[in-house]
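Structures given as structure tokens follow.
Here subunit A shows up in two complexes: once beside subunit B, once beside subunit C.
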Partner chain A sequence: MEEMKDVILEYVTNEYLEEDDDEISYDTPLISGGIVDSFSMASLKRFLEVKYKISIPDDKATPEAFDSVDKIVELVKEYVS
Partner chain B sequence: MSNIGSYEERVKNFNWKISEDELSYNAGDVINIGWYCSDRICQMGKADKLAMIWEGLGGKEKKYTFDDVRIKSNVIAQFLRDLGIKNEDRVCLFMDKIPELYFGCLGILKIGAIAQPLFSAFGDESLHVRLENAETNTIITQKKHVSKVRKILEKMPYLKHIVVVDDDGRKPLRERELAFNMDEAEDVNQFEIFPTKAESPSILHYTSGTTGQPKGVKHVHYSLISQYLTTKWVLDLQENDIYWCTADPGWVTGTSYGIIGPWSLGITQCVLDTGFGADSWYRFIEKNKISMWYSAPTAIRSLMKAGDEVVEKYDLSSLRHLASVGEPLNAEAVIWSEKVFGLPFYDTYWQTETGSMMICNFPGMKVKPGSMGKTVPGVTGGIVDPETFEEITEPNKGGLIAFRPGWPAMMRSYWNNEETYQSKFKNGWYIPGDKSTIDGDGYFWFMGRDDDIINTGGHLVSPFEVESALLEHESIAESAVVAKPDMVNMEVVKAFVTLNAGFKPTEELELEIMNFIRKRLSPLAMPQEIEYLEKLPKTRSGKIMRRLLRAQEWGEEIGDTSTLEDD
Partner chain C sequence: MAYSKNVREAYQGTLATIKDAGLFKQERFIHSVQDAEIEVEFPAGAAPKRVINMCANNYLGLSSHPDVIKAAHEGLDSRGYGLSSVRFICGTQDIHRELEEKVSEFLGTEDTILFPSCMDANAGVFEAILTAEDVMISDRLVHASIIDGMRLAPAIHDTFKHSNMLHLEQKLQLHSDKRIKVVITDGVFSMDGDTAKLDEMVALCEKYDAMLFVDESHSSGFIGKTGRGTHEYCGVLGKIDIITTTFGKALGGASGGCVSGRKELVEMCRQKARPYLFSNTIAPVVVSGVLSVLDTLSKSTERRDKLEANTAFWRKGLTEAGFVLKDGNTPIVPVMLFNAKLAQDFSRDLFDEGIYAIGFFFPVVPNGQARIRTQISAAHDIHHLEKALTAFRKVGEKHGILGKTKQEIIEKYGA
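Our next item is the complex of A and B:
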């Protein structure tokens, strides 16, 4: 699962961080930290669904479940067969 | 005892002079919002009172007194004046909710220039159209957002200065960029404020329209008169309150009630410059003992979704009054807040153009969950027929919300767009574009927009703007954008597209398009869903029939299709 962590971290870094933002780690707060806003969560969710060929129910895609790379990995693992 | 006392008595005896007198303003006097929100409060003996408690990422906290607000806004004003910025020049504030944004707004107003706050999540295209329309002279921003300005710099010869407030010298600044550090700058104790008058322009907020580019809504310094009084009567802010307005000053709520209202009353306010999180929000209320909280239905519904057990972890007993703005507050949210906080959220209705609250639930008034409330004292409002613009007096009959012009915070024009401004007035009424009913007790009940504008999380998104941006993606041949219902945001953006030859309708492409719009326009404008179609429904004259697509999303009757082109 280390690889999944790194893939998601890299995606978030490339897609959501501004040029001069500090680097993030696996446990950096993404939503409550203001790095990924609640509207952008839809694109992050779609990325996970496309990348891992899963479907995450909307009621599971909460700001809390998306609040760090670690938490996202936990969520994705529930749906990856 | 609430500030407003009896709503009925206030309506009966109302005169805007009540506010003018409290602010010691007489017709013809100099009136400058920057001065009223800082210097005047200090002169009233509150120089040492806390004006702002700010918290950023990682719990970093800063506190400022009203004297700090006065001095810091003077520092920024002096810096801008030294740059050669004159009265009525447009100065854009393009920052996260950092203290420089708040003090910068007052500093700009103090030199008589026009503050143009823009939401920092805007992408380069959204930024460009707004700066171009205003021919903005200077932009004040953070290093994290400078790259967006650099992308469009060549197209903006009128933009003379890009001021970076947190430059650390690690990367060289480029053409037209200069560093400014508010905390390291020398204090400016005395500053000669530009003598703005009632009709001098103050703030330029941009709002989306159904067609065409976003419109710059021009406000004037006299708006203070209604912003002050509605803050006092509707938000009921009192001397010892600790206030939290969750709105970003990139939007009108964040300036009218996140800067001007509370500070003109000398109230301590809190600012949380992080993202949304139920735990972090409740913790912020508990820690700062917030007593008055002004938020938005989207946030309230997100808190509902997070569950009651999260609320129970925190001591929120400091709260005494709650209010909401941005979109209709559903009855369930009002009932839920009464259950978990012991207080209902009081809904308030107004918009960028009105500059201040128009229809509200007032302290002491019976709240009918789901209702917008009644008109603010001093505002004449009603419902009019959408064809004739004659007033509808029959209770519970739907029509367009309408206001008689004349309240102090009413916009004075759309920037460089007088024709559209004039089109908002019909038969002596200002028409904000929303539909409602009024019940037998005089309460307004929201029905929906009268146009295709999408209200997502309290922010208006123009389908036209998103459709135009979609067409800039190489894969897209045609696009149509509509609102899709959403449990939390009320509405979200949905796009229907047809593809150019050589492109396949894949999920990967959908993600690419979503991110393309997010970066070009903003996260708000990003379609939360994209549906590929072989062809879009059009009239025989070739006009895309958005309403059919919208009806499909909302499960409504599609209505007359006689003009639909044949297959």
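Our next item is the complex of A and C:
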């Protein structure tokens, strides 16, 4: 699942960071760290669903579950067949 | 009593937190009409002081123009003060429809519907025209009212980096399976004063079968050769599907707004937009004032031309004085100070020099992007701007920032 980790890290970096922002790692807090606002979570969820051909129920797509790349990978793995 | 001591103390605690964070907003009372010079009571209780106003959205200087005031008086006399009804019961007068037609003509659109404010237009439009099968793709710096409107809509929401067309295209590709796609942007962005790339956005929307929504609140009346807005400036008149704009800035400055665009979308708003359905519309006195404004602007570009010349003079003066400005060519000219306290101190010092301009800092702008946002008006004469430049130079010198780069200012004051 290393590849999934890197794909999601790259997406989050490209999507939410500006050029002069510090780099993030797999365990950087995304929502609680103010990098991804809760309103933008919908687009992150959409990316994961399209990329991995899964459907994440809304009640599972919580700010806690999306709070780091590691946590997102855990969530996605639950739904990837 | 439901408002118990505990509840009161809870609110007092929250307000104290806002104050402690330096985010407490206080109104300043103006004892005059809105104009290039105003009389401001600051701090509260002080004798009003006459200052040059550098922070109004009064771009065309029409807020207190005699012709507008005269038209408003006539409207008050002929159509009364209020209507005591929403539009579809007994709250629509002939002049409301006349204004909708005049706005459509001015903006080059198919139809228009009035709202009590542009805040209401933005709050109501997305819910009225979109379903859960649709997607809204917005620039990350759109106005707060658009964000509120998107939150109320059932469609999913995504964003693209500010004015980044490559990123927008990626998002249009990602959401290509959606029934309806709407790309959403401001025409002129209120905090930075930059202009949306509407020509490129129209091309992308055509390529990916998406609609384009533009909020023209900081553009209508003065951007473009005849002041029609950003769509005129970018050469895409008639190609914007939904325009929202306000009558509370350049177009008279009182209140009111509208959704203007494709006739089916406007009709959907008339049937479903909640701020339209459940609120009185614009008062007759304001409608009459805006009709007069549009009449004036359709006959002559004199005021927007003066605004353009004033803006060029102001930008050149600040640049020569050695300030760091945000790039752009609109009458919104942000003087970058980067540090929140410096922005507040700078604003206070300007006031002492007879210049009224406000400091903006987080959360209104991103952290480390504090600034004095200056806004130029056609009501300004060159002597106003010369006096303001003298004051800016003096205060800039006091704080040691003239001729300094962004990095040097941040090193001195922090971001």
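For the reader, a short list of remarks on this structure follows.
What we mean here is this: the second predicted complex is superposed on the first by the 81 of 81 C-alpha atoms of A that agree within 3 Å, B and C clash if a C-alpha of one lies under 4 Å from a C-alpha of the other, contacts with A are read in each partner's own complex, and residues count from 1 in each chain.
In the analysis below, contacts are C-beta pairs under 8 Å (C-beta built on N, C-alpha and C of every residue); 3 or more make two chains touch, one makes a residue touch a chain.
All figures in this text were calculated on a predicted structure; none of them were measured in a lab.
Put subunit B and subunit C next to each other and count what each touches on subunit A; the higher total goes to B.
When the shared chain is aligned, subunit B comes close enough to touch A:Ser32, but subunit C does not. After overlaying the two complexes on the shared chain, residue contacts for A:Glu49 are found with subunit B alone; subunit C is out of touch. In the superposition on chain A, contact is made by A:Ser40 with both subunit B and subunit C. Of the two partner chains placed around the shared chain by superposition, neither subunit B nor subunit C is touched by A:Glu3. In the overlay built on the shared chain, the residue A:Glu23 is in contact with neither subunit B nor subunit C.
Of the two partner chains, subunit B is the only one that A:Glu64 touches; subunit C does not reach it. Touching of subunit A by both subunit B and subunit C, each in its own complex, is seen for residues 18, 39-40, 42-43, 46-47, 50.
On the side of subunit C, the complex with subunit A involves touching residues 147, 151, 156-159, 161, 171, 174-175.
The residues of subunit B lying in touch with subunit A in their complex are 57, 96, 121, 142-147, 171, 273-280, 302, 305-306, 456-457, 488-489, 492, 507-508, 510-511, 514-515, 518, 523-524, 526, 528-529. By the touch rule above, subunit A contacts subunit B in their complex via residues 15, 18-21, 29-40, 42-43, 46-47, 49-50, 62-64, 67.
Contacts from subunit A toward subunit C in the complex involve residues 18, 39-40, 42-43, 46-47, 50.
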